[in-house]
Amino acid sequence: MEQISDEAYDAYLKERGLTRTQYTSMELLAVAAAREVPDGAFVFAGTGLPLLASMLAQFTVAPHMTLIMEAGIVGPRVEHLPISVSDPRGCLHSSMVSNMADTFGTTAMRGYCTVGMLGGAECDMYGNLNSTIIGGYWPGGVSDTGHGPQVRFAGSGGANNIASFADKILVTMVQEARRFPERVEYLTSVAGARGPREKGESRWDYGLVRGGEMVMISDLCIMRSNHETGLLELDCVFPGVSVADVVNNTGWKLDTSRSKEFTPPTEEELKAVRMLVDPSRIYLGRKSKREAAAQQK
Amino acid sequence: FAPLMAERGRDVPVQDVFGKAGLRGRNDDGSWIDPRIPPKKLAFIDDPFDGWGLRPHAFEGGDTTANKTNAVDRVRESDKYTGQKGVKVILVPPLLPEVTVIRAQRVAQDGTVRMEGINGPDAEQAMCAKVLIVECEQIVPSDELRAAPELNHLPSHQTTVIVEQPYGGYPSAVPNYYDYDWDWWVSYGRLNRKSKEEVRDWWTKHVVETEDDWDYLQRIVGMKRLFELRATPGYGYRADLKRPM
Amino acid sequence: FAPLMAERGRDVPVQDVFGKAGLRGRNDDGSWIDPRIPPKKLAFIDDPFDGWGLRPHAFEGGDTTANKTNAVDRVRESDKYTGQKGVKVILVPPLLPEVTVIRAQRVAQDGTVRMEGINGPDAEQAMCAKVLIVECEQIVPSDELRAAPELNHLPSHQTTVIVEQPYGGYPSAVPNYYDYDWDWWVSYGRLNRKSKEEVRDWWTKHVVETEDDWDYLQRIVGMKRLFELRATPGYGYRADLKRPM
Amino acid sequence: MEQISDEAYDAYLKERGLTRTQYTSMELLAVAAAREVPDGAFVFAGTGLPLLASMLAQFTVAPHMTLIMEAGIVGPRVEHLPISVSDPRGCLHSSMVSNMADTFGTTAMRGYCTVGMLGGAECDMYGNLNSTIIGGYWPGGVSDTGHGPQVRFAGSGGANNIASFADKILVTMVQEARRFPERVEYLTSVAGARGPREKGESRWDYGLVRGGEMVMISDLCIMRSNHETGLLELDCVFPGVSVADVVNNTGWKLDTSRSKEFTPPTEEELKAVRMLVDPSRIYLGRKSKREAAAQQK
C-alpha cells in the first residue's frame, strides 16, 4: 500500500469519477467479504467477486492467508486479477501448481480448506445454494413438463466440494426475494446447515464432517447461520439500507432481532481494492442490478 | 475413495441423465449397453474404517491441519444413504472416454508431453482415454524433453496423435507462449447479445469464409495482435495486457 | 480403490501385526486405541461397478492398452472374500504418520519443496504426516522456487522443519548433486559378514567417535571422495563412477 | 552393438578370462529371460537379474519395449546399470518420471504392464512366489513356536502388484528342490495360476483379472505354466543339464513330457549383455551357489 502515492490514487479517482469515501455496490461487497477472512486461513476462492475479496483480504486483514484455486494453485502472489480459474495470472509466484484432483483430493482433504468463497443464483434459509438451474432440471426434450429450464447456470464447478470441505463459507450474492426462497429449487452446494438437525436433515446427517458456519454477504446486508437452528439470521444491514428493505427482499421469515450496525468501508480498504486488487475495474466497474435499476429511474 | 459426501454435484444425486436414457449397465448378452457409460453414476457404502483418516485427525496432542471443524461424531449418528448408522463413503466409477484432446506447449517426436503452468485435470483426462490427441505449439526432439523426465506429464506411449499448431490455443492463453485475447472475449460476449443477423454475419466471416486456422489468424486476427499477446518473461502471460471492459 | 486384488502383500492377508498386538480400533470411550494405526488392515467389498473400468476395457473396436489378458468374466464367477459372486474391490485406509522425514535438493525459505529425479512415494508420504521434516542440500530464496511453481512438489504450508545439510544424503545418491558411494556400500556389505569385534570397531570409529555429520564427512569420508561423487551434468549421477565388486 | 569394436571386446574378454562362446550361469539366465520378452512389451522389472535381462532384451529381441520401474520411471534409455529401483541411473533419458502411486495406480492399471520380471526365494508348482520368509512369519517374541523365521527376505516390494497386473510373468531363480516345493510357505506374489481352477483356487478366483502365463527361468531349465492345469511344466533344459537333474531339484512331480532343446546363448547375445548391459560385471560377475559349489570341489 505504501508504494501507491497519493498523486497516483487521486489521478485514478478523478479518471474514474470516484471519491476516497464513497463506494460502489461491488466495492462494498468485496470489503465486507474480505473482513470475514481470518488471518492464516486457507481460502478456496472461485473467480469473480470471491477472488476479488480474497485478494483484498490478503492486502488488509489476512496477510498470512493462503489463496487456493481449484485448478491446482496454492499460495500465489497475484499481481494482475485473474478472470477465471484457468487464467495464468492466478498462479504467479505460487508455492505450488499441481492439478485439480490433488487440490480437492489432497490439499482440501488433508485439512487445508478453512474458508470457501462462493457465489450462487439462489440461497435458501438454511444456506443451501443453487448455481445449476431455475425452472426444472431436464431439457425440454426429456422433461415431464415438455419445456426445459428457464435458466441454466454454469453449475457447481468446485463449489460443492468447497462447501463440503471448508470450516467457514462466505457467499456473495445480489439480494432479491425470488433469489432468497425458503428452499432452493436445486441444491448445488451445501454452504450452511442444510436443514434442521432435529429432523435429520442437517449437513452432518448427509455425511459432511466439516463446516456449518456460513456468512451471506448480499448487496443489502450480512446474514449468519445460527448454530442452534441452522437458519440464516440478519447480522447487520449496509449503510442506507433498512431492516425492512432486507425483509422485503428475503423469501423467508428472517430473524432480525440481533441486527447490528455495519462499519462502512474505510478509505484504506477502498484504496487497496481499487489500486492493488482490481485497478482496471474488471469487476469493480460492474453495477448490480439494483444499481442499474436505480440509475435508470 | 473419499470419506466425505463431496463428489456429488448434488448432495442426493437424483439426476441421472444416462440412467434416464437407459444407457447404463449391461445387455442380456453381458456386453455393456454403452461401453463409455458406467453402470452406475456412483455408489454409497458404509465406510469400513469408520471415519479413520478424516483430518483433523484424533492424533494425541492434536493435528497440524488448518481445518478445525470435525463433526465426525454427528455423522456417525446418521443412517442416510445406506440405512446403517456410521460414516459413509462414496465410490465413483472411472471415466473411460474414447477420445481426449489436450493442448501442451511442447510434445516430443516420440509423444512425450510436457505442460507448463496450470494443467488442471488434463493429465488425468489424457491417460484414461482410448485415443489421445495432443495439440501443441511445437514438436521438439525427444532428447529435449527426456533430459529432465521428472518435468513431463505424459509418457510417449500414451499419445496417439500429435498436432503441431502454433497459436492454436487462440483466443485462450497458453502459459509462457501467449495470453488470451481479452478484446476477442469481450466482443464475443457482446456479440451473443446482438441480433441473429449479426451473430450469423460474425460466424460467416470468422468460420465459413476462412480457409483454415492459418487464414483465420492471418486475416482476421493479424500478426500484430498475435505479437501483442506474447507472454512477458517471468510472468507466463502478457503482464501489460490492456483489459478494458 | 482398485478393482484388482493387487494391494495385499499377500493374496489373503492373514498376517495382521497390529491386530495381533491389539492396537486396532477404538477404546470404550470412542477414542482410537492408537491414533496412528487404522481400525482395519483393509476391507473387501463387492465392486458396485462390476468390473467397469478394468483395462483393457470392452470398448467397441477394442481398447488401445498394451495389456491383452482380461479374465474379468472368470473373476465374476468367484465368490471369494465377500461370499457374493462378482468382481471385488479392496479398500485400504490412509496412512497417518506422526512424522515424515524426506530429503530434497532445494527447499525455499518459506517451506516450498522441489525434488529432482526419482521421488518415489516421497510427496505422498510427506503430505499425510502430522509433522514434516525436510532435509535439503540447500535452502534457497522463495522466489527461486516460486518462479516455476508447477515444478514444486510440496507447498510451503506443508513443511514443519527445514534442515539444511549438504551431503546429508551420503552415502546414498542425491540426483543432480552427488552419486552414491559405491565403495562404501560394498565395504559395508562385507563388514556385516565379519566378526562382532570388527563390526563394533567400525561403528565406534564411524559413529561414536565422530562429533557430528561434518566431522564424519571431513575425517572419515574426506573432501576428495565427496568431490569424486559430484554428479556429471546431463546425467544426474557420476557417469564415470567406478563400481568394482 | 556396431559401436563396439572387436578389439575392445577381445580386450574385455582377455581381462576377464572369458571367451566369445562360453558363458556363466548369470549370463545364461539373462539371455534366456531376455528372449521371452515380446517386442513392444511394457516391462516392469525389479533390480538385479530382472533389470539386466530387460536391458538385454531392449538391445536384442525387443528394441521397441518400454522399461518401467516402480519408483516411477517410464521408458528410460539406460547407459549404466542401476543397482536398485532408486538408483538415478535408472531414469536416464526416460519419457517420464512420476511416482510410485502413479506407476501402479495409473500406468499399470491403465493397461501398460504386459511383462513382469521377478525373482523369489521359493516357487511352487502353481507358480506362487515367496520372497518374504522361511520358517514361520512371526518374530520370536510373538510367534507360537517361540522362535522367529529362519530367514526374512526383503518382502514383496512391487512384486505382488507386478504379478497381479502383468499378462506374462518371467521369474529367474537358482533351482534347488527345497526352493521349489509343492506349496510355498508364504505366498508373496501370485506369478502363475495360483492353484487349480476346478477347486476354485486359481488367480481368477482370487480376483486377479490379468495374467496366468508364467515362465520360470532357473539356472537349470525353463518351465512354463500349462494353461489347462495351471501347473509349471518343463519346457527345456539348459546345455549340460539332464532332465533328471531338473527332476531331482524340483519338489513336485514335474511333467517333463514336452521338454525341448534350448538354443545356447549366441555370440551376439553374450557380447550385448557383456558390453552394453553390465560391462562392470556387477551382476554378471556373481556366481550361483551351484557354480560356487562346483568350484570348491
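First chain written, first letter: the chains are A, B, C and D, and each begins at residue 1.
Convention: contacts are C-beta pairs under 8 Å (C-beta built on N, C-alpha and C of every residue); 3 or more make two chains touch, one makes a residue touch a chain.
Everything numeric in this text was worked out from a predicted model, so none of it was measured.
J.: Return the chain pair with more inter-chain C-beta contacts, choosing between A-B and B-D.
T.: Between the two chain pairs, A-B has more contacting C-beta pairs.
J.: In whole angstrom, how far does the Cα centroid of chain A sit from the Cα centroid of chain B?
T.: That pair's centroid distance is 24 Å.
J.: State, to the nearest whole Å, the distance from the C-alpha centre of chain A to the C-alpha centre of chain C.
T.: Taking the mean C-alpha position of each chain, the two centres sit 40 Å apart.
J.: Distance between chain B and chain C based on Cα centroids, please, to the nearest Å.
T.: The separation of the two C-alpha centroids amounts to 29 Å.
J.: Could you pull out the residues of chain A that touch at least 2 other chains?
T.: Correct list: 42, 73, 91, 97, 110, 112.
J.: In chain C, which residues are in touch with two or more of the other chains?
T.: In chain C, residues 63, 66, 117-119, 147, 150, 157 touch at least two other chains, as defined above.
J.: What pairs of chains are touching here?
T.: Contact pairs between chains: A-B, A-C, B-C, B-D, C-D.
J.: Name, in rising order, each residue of chain C that touches chain D in their complex.
T.: 2-12, 15, 20-21, 51, 54-56, 63, 65-72, 74-75, 77-78, 80-81, 87-88, 117-124, 173, 175, 179-180, 231, 235-237, 239, 241, 243-245
J.: What residues on chain D touch chain C, complex-wise?
T.: Going by the criterion above, the answer is residues 40-42, 71-73, 79-80, 83, 85-92, 97, 99-101, 104-105, 109-114, 132, 137-138, 142, 155-156, 160-161, 164-165, 167, 186-188, 190, 194, 200, 202, 204-213, 280-282, 285-286.
J.: Across the complex, what residues on chain A touch chain C?
T.: Residues of chain A touching chain C: 42, 66, 73-77, 91, 93-98, 106-107, 110, 112.
J.: What residues of chain C sit close enough to touch chain B in their complex?
T.: Contacts found on chain C: 1, 26, 30-32, 35-36, 38-40, 43, 45, 48-50, 52-53, 57-60, 63-64, 66, 73, 89, 91, 93-94, 96, 98, 115-119, 130-131, 147, 150-151, 157, 160, 234.
J.: Within their complex, state which residues of chain B touch chain D.
T.: 108, 110-112, 127-128, 143, 145-147, 149-150, 152-157
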